[in-house]
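Both of the next two complexes hold chain A, though its partner changes from chain B to chain C.
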Partner chain A sequence: MTTRLIRSVVGLALTSAMLSILMFRLNSPIAAVFELSVCSGLISVIFVTTASFTSRITEERLEERKKERFVKFWLLPIIIVAVLVLMYFYTKPINFVSPAMPQETDVRHILWNKRHLDLLGQIAALLAAAVGVIVLFKEKK
Partner chain B sequence: MSILILLPFISIIFLNFPSKTMTKKVAFWLAAFVALLQVAIVLKHLITHEGFIYDPIFAFFSYGFSIDLLTQVALLSIGIVSFVSLLVARVTISDESQKFNFINLVLIAILGMNVISMTRDLFSTYIFIEVTAISSFILIALTKDKFAVEGAFKYIMLSAIASVLILSSIGLLLLFSQGTSFANIYMALQTHGNEVLFKLGMGMFLCGLFIKCGLVPFHGWLPDAYSSSSAPVSVLLAGIITKASGVYVLLRLVISVFGGVVAVQNIIMLAGVVSIIIGALLSLTQTNFKRLLSYSSISQVGYIILAAGCATPLAILGAIFHFFNHAIFKSLLFVNAAAVEKRIGSVDIDKMGGLATKMPITGGTSVIAFLSTAGIPPLSGFWSKLIIVIALWKAGNTTYAGIALLASIITLGYLLYLQRKVFFGKLEAGLENVKEVEFGLLLPQVLLAAIIIVVGLTFPFILKWL
Partner chain C sequence: MSPDLSQIFWYFSIFIIAVGICGLYCILATFNLIRAIIGVEILIKVATLLIILGGYLTNQSALAQSLVITLIVVEVAIMVVAGGLILCVFKNYKTIDTRKLMNLKG
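Right after this comes the complex of A and B.
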């Protein structure tokens, strides 16, 4: 909702921290640690670093943006209220019982012993991101 | 077959960690070797009918690789289109750094698409769809001009929505299955297929894939991404990336997981036929060469999706062959567009005319590509469309078969219009000194045209052999 990038980043970090607390409460400590360290910590640092490369918005543009920002989303609250009303009247409660979970639930064992291919995928994604940073941000001499 | 995963990965490491001055010189040849080796390996498997050979490196990854006809066709298409894209890049990208970055990104995209084609696990498929998508975003924005960045931004936004839908659906499906492999999901479908949450998961996954495929009404990103990116990137995107990360996954899920569910089949067929009609009609109104081809892609992908939804063995065969044919003839059309853009400096078809006299090879190969796209015999596109229409008719989907046939007439119409405006008719003023493009751009055009003709003429024998 804010016009300032840094405030958005801080908001994102706080949301990730709250999500991390929820994950601890739901007995997923490893997911919670990842959420806190990566999403709340590392990604916020990356956003702040990237924002520091941008130039500050002028006061005139800021005022213009404040006036017009929400105008194009006028339909959104109406849609949300309509969906909530429809859900209240027409949806039935879902009585869901999950089938038995598999024996092995240790994330570390699954990650390192069973999902080698996904680790390769993560390395490939990091390489792609590194090339992307070079392509998009490196200035020619 | 694990070499198809490891070789692109090792190549990327090799190109970036030792001295870049040395590796920049060999980058193109290394990437071309990787693509051609892939084509050679797959052709060998197809010709010799070798089954899946035990591969210790596959065993290390401990699960879920398999090679069947669909995978082989996908891998073959990836190799051919990547090689053609590299050839186009060699001529059209003059900046050596940009060319080096392009080659790196193509190798990452090849890695991603190869794993998507070979894995039989839903979560791994998702991971490598993301790997391919990240490299695509950057490829589209490679030139960093305003329209390219805008096209990349639109693609990122819609792709992010697709990723959220796909990942959420995997979470929902995991509530019912013991794992994320296709076999696990299939077994969960048999026992819990009527559960609301399972149906929601399937629906969300399909929506995500429809966005990735660029099907109507989720096609908003596609024309901007294809038309605003540079020539070799357009070839790669239109030729294989959209197909490998969207269409292939949809085909694989229909074959291995959801294919027996009638509601899913109906939704897929409806999405296919709507894309065929809307894509063809929107192509009629375009004056930008690449945008016209983009909308044509939406229409042609619709044929593949329509056949996938029909889900009979004949329809799946038609879908697989149209997948390959579309990769080839669409790539050729985009290479023709690259050649014209290189000589004219524009893709506005109102500024073109009579170019066939000045660029005879480009014009000739363009005619072959357009005839194949329109399904004119004896070219390759005719056979795959014929199989799709017959399969639809035999399965009782006569309305869809009729619409597919009528849409072919619209396809013929807009491509004839394109040919007339660009290559035939009176030579436009200011184009008197235009010459044919150099060998570097002629080679991919002739190669792709030869594939279209050879596959078209020998298709009955290929079918018998397979």
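Right after this comes the complex of A and C.
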């Protein structure tokens, strides 16, 4: 198991936790709870499990890769800073037109009554994932 | 839309673009399959935040939340299969370095 990979996974979990705080602040508490429990918890567990089965690379190869990474993407930090500075100075007020839909405040009502086909899609996605994992780990006879 | 909401939109836009660039960098710079999947996960989080922000700005938070719940379930399905694929690749090739997985023949 590599500690660097585990550090990446912990970073992802912290990003999820931060995103759930933002969601809570943006009037979406139920989605925030889902994000915190599923993305920050379950997906981190999946990644840690996967990382625990892999082996670590040698220190020499690690140094080589670090050099390659910085040489290949030296322009990226400049692009990030340029985009952020441009956006900061280009903060024009925008007038969004709200869609002409009745405002529903109950998530459960929307999920179970109006978007019930989404639930079928969710079930299909979960079943497809289960079948996929079964096929991937099927032992050869 | 009030000026306050417009300001919120721009602040979140800057944040979303920064996180999106981080996700893209994560995918492009690494040769490790697990880190590439983590980059995909970060990009999915950007999409999630955009949906929630859209719901907040248009007063349709409930609809946005129902969409995000669906997105999270699909995300879990993708990640489970991706994790399984990485384990299978490691089992067969003894590496998860993308440069060494170039011998696929169609």
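Keep this in mind: the second predicted complex is superposed on the first by the 109 of 141 C-alpha atoms of A that agree within 3 Å, B and C clash if a C-alpha of one lies under 4 Å from a C-alpha of the other, contacts with A are read in each partner's own complex, and residues count from 1 in each chain.
Rule of thumb we're sticking to: a contact is a pair of C-beta atoms (placed from the backbone, for glycine too) under 8 Å apart; a residue touches a chain by one contact, two chains touch by 3 or more.
This is a predicted model, so every value here is computed, not measured.
Novice: So, A:35: does it touch chain B (first), chain C (second), both, or neither?
Specialist: second
Novice: Is A:82 touching the first partner chain B, the second partner chain C, both, or neither of them?
Specialist: neither
Novice: Which partner does A:121 reach: the first (chain B), the second (chain C), both, or neither?
Specialist: Both partners, chain B and chain C.
Novice: In the overlay, answer first, second, both or neither for which of chain B and chain C A:111 touches.
Specialist: Second partner only, chain C.
Novice: Check whether A:26 is in contact with chain B, with chain C, with both or with neither, and answer first, second, both or neither.
Specialist: In the superposition, A:26 touches chain C alone.
Novice: If you stack the two complexes on chain A, which partner ends up touching A:132: first (chain B), second (chain C), both, or neither?
Specialist: both
Novice: Thinking of the overlay built on chain A, is A:6 touched by chain B (first), by chain C (second), by both, or by neither?
Specialist: In the superposition, A:6 contacts neither chain B nor chain C.
Novice: Using the touch criterion from the header, give the chain among chain B and chain C with more contacted residues in chain A.
Specialist: C
Novice: Quick check on my understanding: which residues of chain A belong to both its chain B contact set and its chain C contact set?
Specialist: Correct list for chain A: 94, 96, 98-99, 114-115, 118, 121-122, 125, 128-129, 132, 136.
Novice: Using the touch definition up top, name the residues of chain A that touch chain C in the complex.
Specialist: 5, 8-9, 12, 15-16, 19, 22-23, 26-28, 30-31, 34-35, 38-39, 42-43, 46-47, 49-51, 53-54, 65, 69, 72-73, 76, 79-80, 83-84, 87-88, 91, 93-96, 98-99, 101, 103-107, 109-111, 114-115, 118, 121-122, 125-126, 128-129, 132-133, 136-137
Novice: Applying the document's contact rule, which stretches of chain A touch chain B when the two form their complex?
Specialist: Per the touch definition, chain A meets chain B at residues 94, 96, 98-99, 102, 113-118, 120-125, 127-129, 131-132, 134-136, 140.
Novice: Along chain C, where are the residues that touch chain A in the complex?
Specialist: It is residues 1, 3, 5-7, 9-10, 13-14, 17-19, 21, 25, 28-32, 34-35, 37-38, 41-42, 45, 48-49, 52-53, 55-70, 72-81, 83-88, 90, 96 of chain C that touch chain A.
Novice: Tell me, which parts of chain B touch chain A in their complex?
Specialist: Going through chain B, the ones touching chain A are 5, 9, 12, 60-64, 97-98, 101, 104-105, 108, 111-112, 115, 119, 121, 123-124, 127-128, 130-131, 134-135, 137-138, 141-142, 144, 175-176, 178-179, 188, 191-192, 195-197.
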